[in-house]
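These are the structures, in structure tokens.
Both of the next two complexes hold chain A, though its partner changes from chain B to chain C.
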Partner chain A sequence: MSERARLLIELADDELILGWRDSEWTGIAPFLEEDVAFSSIAQNEIGHARALYELAARDLGTDADALAFDRAPAEYRCAPLVQLRLVPDWARTIARHVLYETADAIRIAHLKESDDAELAGLAGKIEREEVYHRLHAEMWLDRLGAEERVREAVDELWPLALGILDAELRPALAERLGRPEVEAVERAAPGAEFAELWNEMTMVRRSAPVGAQW
Partner chain B sequence: MALSHKVTEAAVWDALAEIPDPEIPVISLVDLGVVKNVAVEGDRVRIAFTPTFMGCPALETMKRELERAVEAIGGEPEVDVVLDNSWSTDKITAAGREKLREAGFAPPAPRAAGPTTLVQLQSKAFRCPYCNSNETRLENIFGPTPCRSVRYCDGCRQPFEQFKTI
Partner chain C sequence: MIWEVFRQERKGQSFVHGGSFHAPDEAFADAYAREFYARRQESVALWVVPREEIMEIDEFPDEFDLKYRRVDGYSIKARLKEARERVGSTERARAEMPALPASERG
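What follows is the complex of A and B.
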């Protein structure tokens, strides 16, 4: 697999799985506005995943749905941070939201500067939407950042947040959040918690009759 | 099929201008600025189309409608979905913005030089599409579709939807 395809798949897997996890708040968030917010963020992230998979699929001679849904659980490359099932823990959800969006901003800004015009263009388009995710995260950090449960959750998830980024981009994340760079939890074959999500996520696709057109 | 006339670029643009946005039907796809380019070669019509928000579920519908509109004037459509950074809410035409306002959607604010900030969203820079008051406040950055926020007007005491600036 080319370096470009690797990058696209990692990014797409992160966005797809986080989108799926965010959507778990639909209907059960602490209040209605957050039902709407997390559902909308989830929709955006899955939209980004789709575009990234489409680009990767062209390089790899397959299609976006096959990449999103036809791989075995062990083949997914999403970072451990996005795999965690956090409902009904709002403090950890907000901590992940802040950490992920901050890391993602650094990654997207880096891609925007890429020599690969297609990648840079797509990153630019994604960034337009991500601005609103960061504002939402910032608003919640203002509200809850001083709470002990949120501070503990940020401490707990920090090594996982570093694992979102390639090693050379990690110092920028540490600097932006004013935290020491520690050993990152790296991408690896996903575990049991992911397998459960995978099962739910691919169920419709796996049960569809051969040749079904959606 | 024998065609008595040739398909022209102008005829294609006219046909596309009739296609309503599937989610906000008061505005056409051309008003929305998502049709990036039209190229005609004989009967073949190539359309470059950029989606607004990437998770928009109306994407496939829009693509089909573009194809149908070309077929209706006797062209053979080929719609390319272009995922580049060229579309922003500044591409919505002046007529399109007015149609949005009339339908109760506050049109997007023009893009500023820097990225949007929370302070800007919470400011009184947004006008109510019903009563034109700027005594409005942010209720939710997110709304019923990816392209909209929800605001509340203290002037006429109504919530309204604000097209996000992207």
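What follows is the complex of A and C.
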């Protein structure tokens, strides 16, 4: 797999799985307005995943659906941070949201500077939506950041947040959040919690008759 | 805290009341207003106002029936449109009415 395809798949897997995890709040978020807003963010992330898979699929001679749903669980490259099932813990959800959006901002900004015009263009499009995800994350952090539960959750998830980024981008994340760069929890073959999500996520796809068009 | 939203569909048009929502402060109100009233480009601008900041006036004495002083001409465009629609719907209704049997025709 080319370096470009690896990058695209990692990014797309992060966005897809985070989108799924965030969408687990649909219907049960702390209040109605937030339910709509957070579900919409989840939907945006899945939209970003789709666009990224499409680019990768062209390089790999497949299609976006096949990349999203037809791989074995062990082939997914998503970072441990996005795999965690956090419902019904809103404090940890907000901590992850803040950490992920901050890391993602650094990653997307880096991609925008890429010599690869297609990649840079897509990064620009994604960034225009991510701006609002960051505002959303920041307003929640302003509101809850002083709470013990949120502070503990940020501490707990910090090594996982570093794992979102390639090693050379990690110092920027540490600096932006004013935290020491500790040892990151790296991407690895996903564990049991992910297998359960994968099962749910691909169930309809796997049960569809061969050749079904959606 | 309840916020009222007024939305403008196209540049130059009047802002029209769109609805309301709960948000604890301005940052949340900003995020939710965008989410509910502009996510699909259905508005070009929004006014988002705390409900308690709106002065509502709804009692008007009319002891001497001063309706004749009304300057209805200002809203003539909307009134004309309304009248046309009214006439249009009466004509349509008349056209769709079943013919009366000969014995009942006047």
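Throughout what follows, the second predicted complex is superposed on the first by the 214 of 214 C-alpha atoms of A that agree within 3 Å, B and C clash if a C-alpha of one lies under 4 Å from a C-alpha of the other, contacts with A are read in each partner's own complex, and residues count from 1 in each chain.
Heads up, the rule we're going with is that contacts are C-beta pairs under 8 Å (C-beta built on N, C-alpha and C of every residue); 3 or more make two chains touch, one makes a residue touch a chain.
Everything numeric in this text was worked out from a predicted model, so none of it was measured.
S.K.: Clash or fit: how do chain B and chain C relate after the overlay on chain A?
M.R.: They clash.
S.K.: Does chain B (first) or chain C (second) touch A:124, or do both, or does neither?
M.R.: first
S.K.: For A:143, using the defined touch cut-off, is the partner it touches chain B, chain C, both, or neither? Pick first, second, both or neither.
M.R.: second
S.K.: Spot which of chain B and chain C makes contact with more residues of chain A, would you?
M.R.: Of chain B and chain C, more residues of chain A lie in contact with B.
S.K.: Please work out whether A:47 is in contact with chain B alone, chain C alone, both, or neither, and reply first, second, both or neither.
M.R.: first
S.K.: Identify the partner contact of A:135: answer first if only chain B is touched, second if only chain C is, both if each is, neither if none is.
M.R.: Once the two structures are laid over each other on A, A:135 reaches both partners.
S.K.: According to the stated criteria, A:165 is in contact with first (chain B), second (chain C), both, or neither; which is it?
M.R.: Neither: A:165 stays clear of chain B and chain C.
S.K.: Between chain B (first) and chain C (second), which, if any, makes contact with A:31: first, second, both or neither?
M.R.: Once the two structures are laid over each other on A, A:31 reaches chain C alone.
S.K.: Taking the options 24-32, 60-68 or 78-86, which segment of chain C carries the C-alpha atoms that clash with chain B in the overlay?
M.R.: So the stretch of chain C colliding with chain B after superposition is 24-32.
S.K.: Residues on chain A in contact with chain B in one complex and with chain C in the other?
M.R.: Of chain A, residues 33, 36-37, 40, 132, 135-136, 138-139 contact chain B in one complex and chain C in the other.
S.K.: For chain A, which residues count as touching chain B in their complex?
M.R.: Those in contact with chain B are residues 33, 36-37, 39-41, 43-48, 50-51, 54-55, 118, 120-126, 128-129, 131-132, 135-136, 138-139.
S.K.: Which residues of chain C touch chain A in the complex?
M.R.: 21-25, 27-28, 30-32, 34-36, 39
S.K.: For a test of understanding, state which residues of chain B touch chain A in their complex under the given definition.
M.R.: Residue list for chain B touching chain A: 53-57, 83-88, 115-118, 121, 139-146, 150, 164, 166.
S.K.: Chain C touches which residues of chain A in the complex?
M.R.: 31-33, 36-37, 40, 132, 135-136, 138-139, 142-143
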